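Have a look at the structure below, then the notes.
Read from first to last, the chains carry the letters A, B and C; within each, the first residue is number 1.
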Amino acid sequence: MSSFICVLKEDGVATVTLSRGKVNALNEATVEELYVRFRSLEGDASVSSVVLTGAGKFFSFGFDIPEFLEYSRESFTRYLRLFSRFYAYLFLFPKPVIAALNGHTIAGGCMLALACDQRLMVAGKGKISLNEINFGSSVFAGSTAMLKACVGERAARDVLFSGSMFSAEEALMLGLVDKVVPQEDLMPLAARAARELGGKNAAAFRSVKSLLRKPVADEAAGREEASIREFVEIWYSPETWKNLKEIKIAP
Amino acid sequence: MSSFICVLKEDGVATVTLSRGKVNALNEATVEELYVRFRSLEGDASVSSVVLTGAGKFFSFGFDIPEFLEYSRESFTRYLRLFSRFYAYLFLFPKPVIAALNGHTIAGGCMLALACDQRLMVAGKGKISLNEINFGSSVFAGSTAMLKACVGERAARDVLFSGSMFSAEEALMLGLVDKVVPQEDLMPLAARAARELGGKNAAAFRSVKSLLRKPVADEAAGREEASIREFVEIWYSPETWKNLKEIKIAP
Amino acid sequence: MSSFICVLKEDGVATVTLSRGKVNALNEATVEELYVRFRSLEGDASVSSVVLTGAGKFFSFGFDIPEFLEYSRESFTRYLRLFSRFYAYLFLFPKPVIAALNGHTIAGGCMLALACDQRLMVAGKGKISLNEINFGSSVFAGSTAMLKACVGERAARDVLFSGSMFSAEEALMLGLVDKVVPQEDLMPLAARAARELGGKNAAAFRSVKSLLRKPVADEAAGREEASIREFVEIWYSPETWKNLKEIKIAP
């Protein structure tokens, strides 16, 4: 089995790097591997906190749309459930997770970033976006709830209705990222943030994180399966399918 | 039947204009007609989005208090249920609705504005307010939830506890409106915003809007009937009734 | 029975002053007395609104940790339930409550401040903090929900994860306090704010406050007992206990 995830541990911080092609596109194998790796880090007493980042110029471009065009509807739905399960798990991960956004952070990639505890983004190097609406796709109940928790209801509306590609600096103003840093500082500062949160009393951190996030997660959980089914309906509609095939042709 | 609502369609945008007397005060017939017209626009394939505005110098001054003073308690309660049904319907309307606030937007008028997707307000021409507390009235569970979703919990407290009349510019700072524009630009910019959102994939827009707003609406729905009953109790209390009668005398 | 609470009434405003030792530390007797006094003010027709403040240089340093180290686990748990009952009651208190933060407002002290309707803080004189995480303690579902309602989800995360001691000016930026005032103006301005809110129609105020806060309170109420049990588990863990004993030694 080839691996799309690289995990390095140093000083109590595990750095998880998405590494799949040029754009770190997400498919079933990648998401499954992310889940397995994080499960392992959850139980690893030598790991106090995690940094999640991407290799190359992208954090992640989101779902691997060309690959998914080949999936059956059933397989695609199964993938969505896995993806949803993973980001819901990540959102409540009992240890601190810092997203080090090294470049473009788009759609499903942005959803993963939103599930982390803090987001650092490299300056002037990439866009962050939930651009689904612009190719005729919806999003999910869980990712919408995480976005609201991150930026508030009003900015969530602006992000989702516009589908805009935000620079790191714009994302900072919106609250979509917490800090914008020069490229050379990204990984050191992410590791520092991870060590800082990882240095807190682990039980107290876990408890406080759960008090903050469990109400958000619980409210969304009851809506998630219906939102996945609606997502699939829209995805396979003729108008959206046509857009998706054009994405396939793009370089 | 005389009509208090004017609907014009152009380029996929339906402009719905409140047109009742000088202040576009809301009564049962107006709210019922708004509901019927929006239901019709929902099913009208030629309409992609809606602009809601008012004729003259007011968007709406809110409930027609002098008229309601003549209602029986039962009739007034029935009106409140219709009003509540309409703004709840508007809040989840599956097509984009832009509020073009052409002037004073007060109390019930502000509640309608809050149910829209975006609010543009004319500069220097009117006040926006949920001033109920200042004549001894409460508001509703639904309108409170919509206000919170619009401006956040803290500003919602300030808006409702003070009952202040905010200028468009102050409302922009609070997040109560999204844009303040010169009078001559109001309708063109509202139409442009409507075309922009109306140009998105309709199914994706509807789904995303529902993901954003259904949790808000569902939470409030369970509290709405009790809040209407409490509203009525307070409305008919001697102290509030005295205030309401003074509003009657006002020009 | 010695009293830790002083209540003065003037012009319809009751000023409740915490007065226990140098730091107004909270113990069972203090919280029980607060509850009894507020219950009495709720029913007192001569009182329209309340100011809550502290004697000396502290609003409150929070729980009386040295005293609680002598408690049995059962007694401490009983205290937590009383404390939780009191702040939940205060959060929904039907009359306006203004917190006049005269100095350090820490941990449990900050939770009481969050339950008030407005927070005025003296400039340059004290810190405000939910610093529990830094001695290895968690917080509660209710206090987390009140913090979120006050500052939003994102700032709530920053406040709780960092455990930072904020100056009044920093707290103002965060939204943790509403106004920062010179020491000599604190009580007059708090009384003015109390008179202003207390001058509103009492039934309308009570109703609007409930519409704003009941959804927050209800959501948290279902999680409170479990969060108290988790708090106790963490409090008595060896690592946290060691920290608590060091606090005991501090002057």
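In the analysis below, a contact is a pair of C-beta atoms (placed from the backbone, for glycine too) under 8 Å apart; a residue touches a chain by one contact, two chains touch by 3 or more.
These numbers were taken from a predicted model, which means no experiment stands behind them.
*Asks:* In terms of residue numbering, is the interface formed by chain B and chain C classified as same (over half shared) or different (under half shared)?
*Replies:* Under half of the interface numbering overlaps between copies: different.
*Asks:* Give me the C-alpha superposition rotation for chain A onto chain B, in degrees, nearest 5.
*Replies:* Rounded to the nearest 5 degrees, it is 120.
*Asks:* Roughly how many whole angstrom separate the Cα centroids of chain B and chain C?
*Replies:* The mean C-alpha positions of chain B and chain C differ by 36 Å.
*Asks:* Could you tell me which residues belong to chain C and also touch two or more other chains?
*Replies:* Residues 148, 152 of chain C each touch two or more of the other chains.
*Asks:* Which residues of chain A touch chain B in their complex?
*Replies:* Against chain B, chain A makes touches at 132-141, 144-145, 148, 152-154, 156-157, 160-161, 163, 219-220, 223, 227, 230-231, 233-234, 237, 239-240, 243.
*Asks:* For a test of understanding, state which residues of chain C touch chain B in their complex under the given definition.
*Replies:* Touching chain B: residues 96, 117, 148-152, 175, 197, 200-201, 203-205, 207-209, 211-212, 214-216 of chain C.
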